[in-house]
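Report on the following structure.
For reference, chains read A, B and C in written order, and residue numbers begin at 1 within each chain.
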Amino acid sequence: MITCRGLCKNFEIYQKEPGFSGTLKSFFNRKYKTREAVKSFDVEIPEGQIVGLLGPNGAGKTTLIKMFTGIVVPSSGFVQIIGYDPAKRDRRFRKKIALVMGQKSQLWWDLPAMDSFQLLQRYYEISDADFKERVGELSELLDVKDLLQVHVRKLSLGERMKVELMSCLLHKPEVIFLDEPTIGLDLIAQRNIRQFIQDYHQRNHCTIVLTSHYMADVEALCSRLVFILQGKKRFDGDIVTFSNLLGSEKNVVFDFDRSVNDHSLLTPFDPHWNADCTRVELRIPHEKLKEATIDILRNLPVVEFNTEKLPIERVMKTVMENPDLLETNRRESQE
Amino acid sequence: MIPRIKYYLLLYREFVKTCFIEAMSFRLHFILLIVMDLVFYASVFASVDIIYQHVETIGAWNREQLMFFMSFMLAVNHLQMSFLADNYWELSLLIRQGNLDYLLVKPASSLFSTFLRRVSAGSTTLFIVPWSCMIYFGSRLSFPWIAWVILPFLVILAFILTGLIETIICCSMFWMLEGVGINFLRMQLQQVARWPDFIYASFIRKILTFIIPVLLIYNAPSRFLFDFSDWLALVGMIMAIAAGWVILHFLWRVCLNSYESASS
Amino acid sequence: MLKWWQTIKVHWSNMLVYRVNFLLMVIGPVLVFFFVKISLWYSIFQGNMQTMIGNYSLSDMLTYHLWTMIVMLISRSYNFGKLSEDIRLGRVSTYLIYPFSLWEFQVTNFLSRLVIQLFIALFCLLILVTTFSQYFHDIIAINFLKGLMLTIFVGIFWFSLQYLIGLLTFWLEETWVLAVIAETVIQLLSGNIIPLDLFPQWAARILEYTPFPYVTFVPVKMIMGAGGDFLPALANLVFWIIILNFIVLLVWRKGLKLYTGAGM
């Protein structure tokens, strides 16, 4: 369904020295620098899968999506989506894909959503019967029946995202690209959107590529995770494997009855303290758990503690701070 | 072929409908747009009229000829303002904010979606003004019946040429940090094109006829209507349209290939 | 004082980052307009230095338009757009909080532009006067200085007018239409296209009761040594500036009430 090999994209960035003299200099002579946004990216995504593209800001996720949808032409490499080369921008290809960008809207701001839908109906040549059915079905699922006649600029962010999603699904696309669909939404709105995407995917078996900063999106929706850092693919596998990247570590939280000033005992376990040093979160390897816990209980004024599996956010954060962990893991799994 | 034409006609009808609905919710702006156009028309005719109170001819043209030329110019300008201008202003925003992405993903010609999407409802309502002036001054020049038959086609030809030239110029926005300035460049070329070509020095006239053929837009059809034996410029205009069409399609492909899209 | 200087430097930086836009939006239109007018009037006079139209010879008319260009280059402001955006996007709030008021920011904007535009105007003047000296009258220093003084006040007038148009954003989503209407009306009625003493008598008499002649005609004639007494002219211009700024103050107060009341 989606295949890419050696995909690369470079951008020219213009450089300017700070200050007024820098501005004057650049008026006459501009300097440019090449930035490699995506480096030699390979991936194979079969039909019907939901894949999460994760990574920090500037990692290259959105650039990848843009290359997959034909918005941006790759600098080099091969990419094929449902048998088409996106850069050729074949009309039949464009009828089968959909794109939603969390930070930009395709709906007309000063019109009710329904008017934008009717325009989309023309674009995608959807018959009146199909259109009526789709609008009814999707507005029911998303619970937006009453919002379709309201001007888009009067909708809340969460409502806008729902109608935005609806607009991209009217033509029953085979591949859906969601670029940060839950960004800026409150927790309930995020949950609603996730639930909808899950239900929709189960009913329609389309392929979905999702980019997000929120692990909750990926955990809820994706069976597979592709982690990108500085334009390169650093991990490609299932979520369980990713969450075990740091070994089978446990997240242990200790509460103390007073401020603890001597942290030497806890330093080896990547401690995260609260503001007044009465609570700490540690990452303790499974094999050292018993010994470390006993040590801490004996030497520090613990009132309470609990143990849980390391949350994926922590894994993500640690991996972003120490990308070599991914290398180590890959070498270990090869041995 | 026919199904494709039908597709684009239906799509365009939807564009017009959405633009009118949107315009109707901003009534004051709608009225102000009409006032703006009327003020512009009045200023053009007043300027010409005042000049002719002091001279009999400008170049070889008398008052009626120049007034007809201005009416023709305004009729074409009316079409341009109604069906193209808003899209040029919108393009710099689309590129800057990255919303052009959505147009590129749609299964319609991106050229069509980008440059014909917006219709200025306010401007369209003033159709009657420039056309009435054209008919009035044309009748004072005793145009033969054939001139009246071909007049609408000449207006459309001029509109196509001006659209092609300005769209080609707007393609440069893809390489500009901020494309708003390109729109001003476009308007400056319009300003130059608004007067008969004989007012310009030979060197400038050649550049603006053969290289950036803005002087053909209003001059070629007007001169042909004044004197059917003066057909060479009209042929040049048709050739410019053909060349412009090819150049535009080629250039647009280049633009899309180098489009970098605003990062999210 | 230091913060004013810092702000002016920031304005200059902003102008130069979008350098092409600056040339196309600020300088270009004036130069192109000058070029078109010169071509038109040269053609009207048929290149004949002896012909008289009204009491203008070709040299008089070319000199007149040289100075209208210089006056335009120095006095034109384009600040309504930014103010409009600031109001629409709710950025006026930040000015209300910062220890630097919106008014002070706009005035530093004006001063920074004035300096740059003065330099550009003098540069253009130098080039044109040295290259085409046979067409233009000699410059008399005292007249030039008097006219320049008036022109700077015309700059304040334009600035205030643009400011007023920008302030109307409190009530109107898009004010650019008003700016275009103002520009079109003033261009004709200030004598920018045709000197006011070539206008019909009845029109010229009505215009005496408006600020329009002071925007272009009076400063230009002052530089040419035919503008009458300096002090009454300045007094009239200052009178109109005061009226305009009084309106600005009223509108600002009303707008601010609406703005803070609505919690925009």
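Keep this in mind: a residue touches a chain if its C-beta (ideal position, glycine included) is under 8 Å from a C-beta of that chain, and two chains touch if they have at least 3 such contacts.
Nothing here was measured: the structure is a model prediction, and the numbers come from that model.
J.: Farthest chain from chain C, going by mean C-alpha coordinates, please.
T.: Following the centroid criterion, the farthest chain would be A.
J.: Closest chain to the overall C-alpha centroid, by per-chain C-alpha centroid: which is it?
T.: Central chain is B.
J.: What's the distance between the Cα centroids of chain A and chain B, rounded to whole Å?
T.: 45
J.: From the mean C-alpha coordinate of chain B to that of chain C, what's the distance rounded to whole Å?
T.: Centre separation, chain B to chain C: 28 Å.
J.: With chain centres taken as the means of their Cα atoms, state the distance from chain A to chain C in Å.
T.: 51
J.: Which positions in chain B touch two or more other chains at once?
T.: 26, 177
J.: Using the touch rule from the top of the page, what residues of chain A touch 2 or more other chains?
T.: There are none in chain A.
J.: In chain C, what residues contact two or more other chains?
T.: Expected reply: 17.
J.: Can you list the residues on chain A that touch chain B in the complex?
T.: Residues of chain A touching chain B: 11, 14, 58, 62-63, 66, 69-73, 87, 89, 91-92, 94-95, 97-99, 101-106, 108, 110-111, 115-116, 118-119, 122-125, 179-180.
J.: Okay, in this complex, where on chain C does chain B touch?
T.: Touching chain B from chain C are residues 17-18, 20-25, 28-29, 32-33, 35-36, 39-40, 42-44, 53-54, 172-174, 177-178, 180-181, 184-185, 187-188, 193-194, 198-200.
J.: Spell out the part of chain B that touches chain A in their complex, as residue ranges.
T.: 7, 10-11, 13-15, 17-18, 21-22, 25-26, 97-99, 101-102, 104-108, 110, 177, 256-261, 263-264
J.: Spell out the part of chain B that touches chain C in their complex, as residue ranges.
T.: Going through chain B, the ones touching chain C are 26, 28-29, 32-33, 35-36, 39-40, 43, 46-47, 50-51, 53-55, 58-59, 176-178, 180-182, 184-185, 187-188, 191-192, 194-195, 198-201, 204.
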